[in-house]
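Labels run A, B and C following the written order; every chain starts at residue 1.
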Amino acid sequence: MTLKKLMTTALATAIVSAGAVAAEEVKIGIAAEPYPPFASLNASGEWEGWEVEVINAVCAAAELDCVITPVAWDGIIPSLTGQQVDAIMASMSITEERQQTIDFSDPYYNTPAVIVADKSMDIEPTPESLAGKIIGIQASTIHQAYANEYFGDAAEIRVYQTQDEANQDLVSGRIDATQADSIAMADFVNSDIGTCCEIKGPVKNDEAILGKGVGAGVRKGDDALRESLNKGIAKILEDGTHEEITGRYFDTSIYAE
Amino acid sequence: MIPFRALMQPHRIVMLALLLGAVVWCAVALRWDWIPEYAPLAMEGLWRTIWILVVTCVLGFLLAIPLGLAQAVGPWYLSAPARVFCTVIRGTPLLLQIWLLYYGLGSLFPQIPWIRGSELWPYLRQAWPYAVLALTLSYAGYEGEVMRGAFSSVNKGQLEAANAFGMPRFTMFRRIWLPQAIRNVLPTLGGETILQLKATPLVATITVVELYAVSSRVRSDTFIVYEPLILLAVFYMIIAGIIALMFRRFENRVPG
Amino acid sequence: MEFFFETLGLTESAKLLSLSPPGWGGNLLRGLANSLQIAFGAFGFGLLIGLFGAYGKLYGGVVLRDLLAVYTTVIRAVPELVLILILYYVGTDLINQLSQAMGYGRVEISGVVAGIWVLGVVQGAYATEVLRGAIQAIPPGQIEAARAYGMPPLMLMRRVTIPAMMSFATPGLANLWLIATKDTALLAIVGFSELTLETRQAAASTRAYFTFFLAAGALYLIVTLCSGVVFARIEKWARRGQPSLKGAGR
């Protein structure tokens, strides 16, 4: 009898104490896989990169107590709806498809999607030129949706868990081309591992699939957080913090209005 | 199979009714509208899962026989490498082995420029050879241990009798030692085959489109989380059940 | 030391793996510590479930026995990866809804706790079978004698069943521990920070895939070998007083 009581109280305390209830903390979900130059892990185990700095700046401007929480990219939206994180700022594009499940803040950057291939290959970023080739893309991205829609009939599409694995296979020669964000790909071809490859050009824009820029994702109906983030984003665009951070990483502005 | 009379006890009838109710509720309340669109892809994934399972189990078992034999009765220069191989395979996670073979070897390709012209290149570009290799080596590592025990457990007297009759060594191996060893460990082999089935989803991480990869694709396209996973679990349970039934049939056919 | 590395052409790799930044060795070891933490927790949680499960299967009512049979069959038939995903999303969803219904607000569950929960449930099914087999192997006379003396059930479990079953259970439990350590690698796919994920992050950031995967494999192998030694000693202690099996049988 007493054992049963003891065990139920122990179980209850364990559940409640295993998770401290944090009222003020906002958990910002980022992808656990590195995505240079936006977010990558350094040797000390800290996250750094353009997006990490923007997150810190937005949170400071919006006066939120943010905790950067890495989550597997593959399950990042379920983590948001399942309340493991409160917002997603992981270079996630605002698309209609995603807007059926979650809400987005205003965009904080917008860059085109490009095709990258080996320098020796004569490929244009068009469905005709890519026919019969092998294209690698990251799962759960707008690029996957775009590639399946436009290149799916003509080319073989291989799906990777991270963009980095796709890049690695491009360097190895297993795939002929990959489609991804232009900034991340610029960083890749300029690095010493990407010397084999070059950017072939941007793909034809399709706003329905490629979205209207990158915004922060919040749960449907979580308007309070969305407004705070919007305020923070507007503030850093106004007072030049966005420009300053961008200037440190890139040559041109990446906020296209 | 479970005898019908055993199913008809009152508490089991209640549980079966509850299960039926749960299935009906799932069919009605959850979203299944994605199934028609993804059914062809799912069939392709199922086929790939099954042929990878069959091929790697057969090849792995063929590799395990010499490994087990070497460890059971081999001289030190054969049994030691076999021992090391089995220990390394069983001591490291399969996921790491798969990634090491695919991405690790892949990272060496740029340093070997002539490889793109070689005949193996079309195979080195695809993902399934690496998946088959990794799963075969893994199965062989685990079964090598099992076969070691199996070969050691066959009654020495039978082998001595065969020798006394002047049977050539390979014939004795083929007709007495191997069949008896397999018969002793058939239940274990069945269990290990089911474990191999459970290991197949890992190859989805190296772009092989098998059943789990299809469910991931559904999840990323439609953002539906639970329904594909539930259906996936049911599929795997059915396949595991079929494997268990097949092995039980084998065991019943073997005399003794 | 450097000369040794230079001759083998491993200077680059040694630099990458060094313990302090910019080497990634520290990250890997931190990941290993996380992995071991999750494995310990999952093994312990699994043992607890296994003990209750074994008792339920042996001495419980028919309904309990059937439910436990369903539990062990499902866990043993469905791949761990699928189970991890289902348990992770279902488990965290349920706990959040429960705590919100009780008015506690949102409970944040750390990666380690979620990993322990998920792997522990999986381990519990296997542990149930191992412990059930071990308890059944105890000579029934011992338990009957204790009952005849009027020993209360908890004291019976503590002083007779568990010590007697240890020698039968140890090989199975050693295997379960190894499975627990290797299954933590699967948590990398869900994004928990443990050795395999750290390895993949390090390899992705430095592009030295071969080096880091080999290093991680070596770390796992060391854990396996050390566990083997520890469990051999545990088995020796559990078998104390029993006659040696050397040279018997055949």
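Just so it is clear, a contact is a pair of C-beta atoms (placed from the backbone, for glycine too) under 8 Å apart; a residue touches a chain by one contact, two chains touch by 3 or more.
All of these numbers come straight from a predicted model, not from anything done at the bench.
A.B. asks: Write down the chain pair with more C-beta contact pairs when B-C is set against A-B.
C.D. replies: Looking at B-C and A-B side by side, B-C shows more C-beta contacts.
A.B. asks: Measuring centre to centre with C-alpha atoms, which chain is farthest from chain C?
C.D. replies: If we average the C-alpha coordinates per chain, A ends up farthest from chain C.
A.B. asks: Whole-Å distance, chain A centre to chain C centre, using C-alpha means?
C.D. replies: Comparing mean C-alpha positions, chain C is 33 Å from chain A.
A.B. asks: Counting in whole Å, what is the centre-to-centre distance of chain B and chain C, each centre being its mean C-alpha position?
C.D. replies: The computed centroid separation for chain B versus chain C comes out at 22 Å.
A.B. asks: Report the inter-centroid distance (CA atoms only) between chain A and chain B in whole Å.
C.D. replies: Each chain reduced to its C-alpha mean, chain A and chain B end up 35 Å apart.
A.B. asks: Pull out every residue in chain A that's touching 2 or more other chains.
C.D. replies: 74, 78, 161, 165, 168
A.B. asks: Which parts of chain B, given as residue numbers and ranges, touch two or more other chains?
C.D. replies: 103, 106-107, 205, 225
A.B. asks: Quick check: what residues of chain C touch more than one other chain, meaning two or more?
C.D. replies: 85, 89, 189, 200, 207, 209
A.B. asks: Could you list, by residue number, the parts of chain C that touch chain A in their complex?
C.D. replies: Going through chain C, the ones touching chain A are 21-24, 26-27, 30, 85, 89, 92-93, 95-96, 99, 104-110, 113, 154, 189-191, 193, 197, 200-202, 204-205, 207, 209.
A.B. asks: Flag every residue of chain B that touches chain C in the complex, lowest number first.
C.D. replies: So the residues of chain B in touch with chain C come to 9, 11-12, 15, 87-88, 90-97, 99-100, 103-108, 156, 194, 197-202, 205, 212, 225-226, 229-230, 232-233, 236-237, 240-241.
A.B. asks: Which of the residues in chain B come into contact with chain A in the complex?
C.D. replies: Touch residues, chain B against chain A: 103, 106-107, 109-110, 116, 124-127, 205, 207, 209, 213, 216-217, 219-221, 223, 225.
A.B. asks: Report the residues of chain A in contact with chain B in the complex, numbered from low to high.
C.D. replies: The touching residues are 74, 77-78, 97-98, 100-101, 134, 136, 139-140, 144-145, 158-161, 165, 168-169, 171-175, 196.
A.B. asks: Using the touch definition from the top, list the residues of chain C that touch chain B in their complex.
C.D. replies: 62-63, 66, 74, 76-83, 85-86, 89-90, 178, 182-186, 188-189, 196, 199-200, 203, 207-210, 213-214, 216-217, 220-221, 224-225, 250
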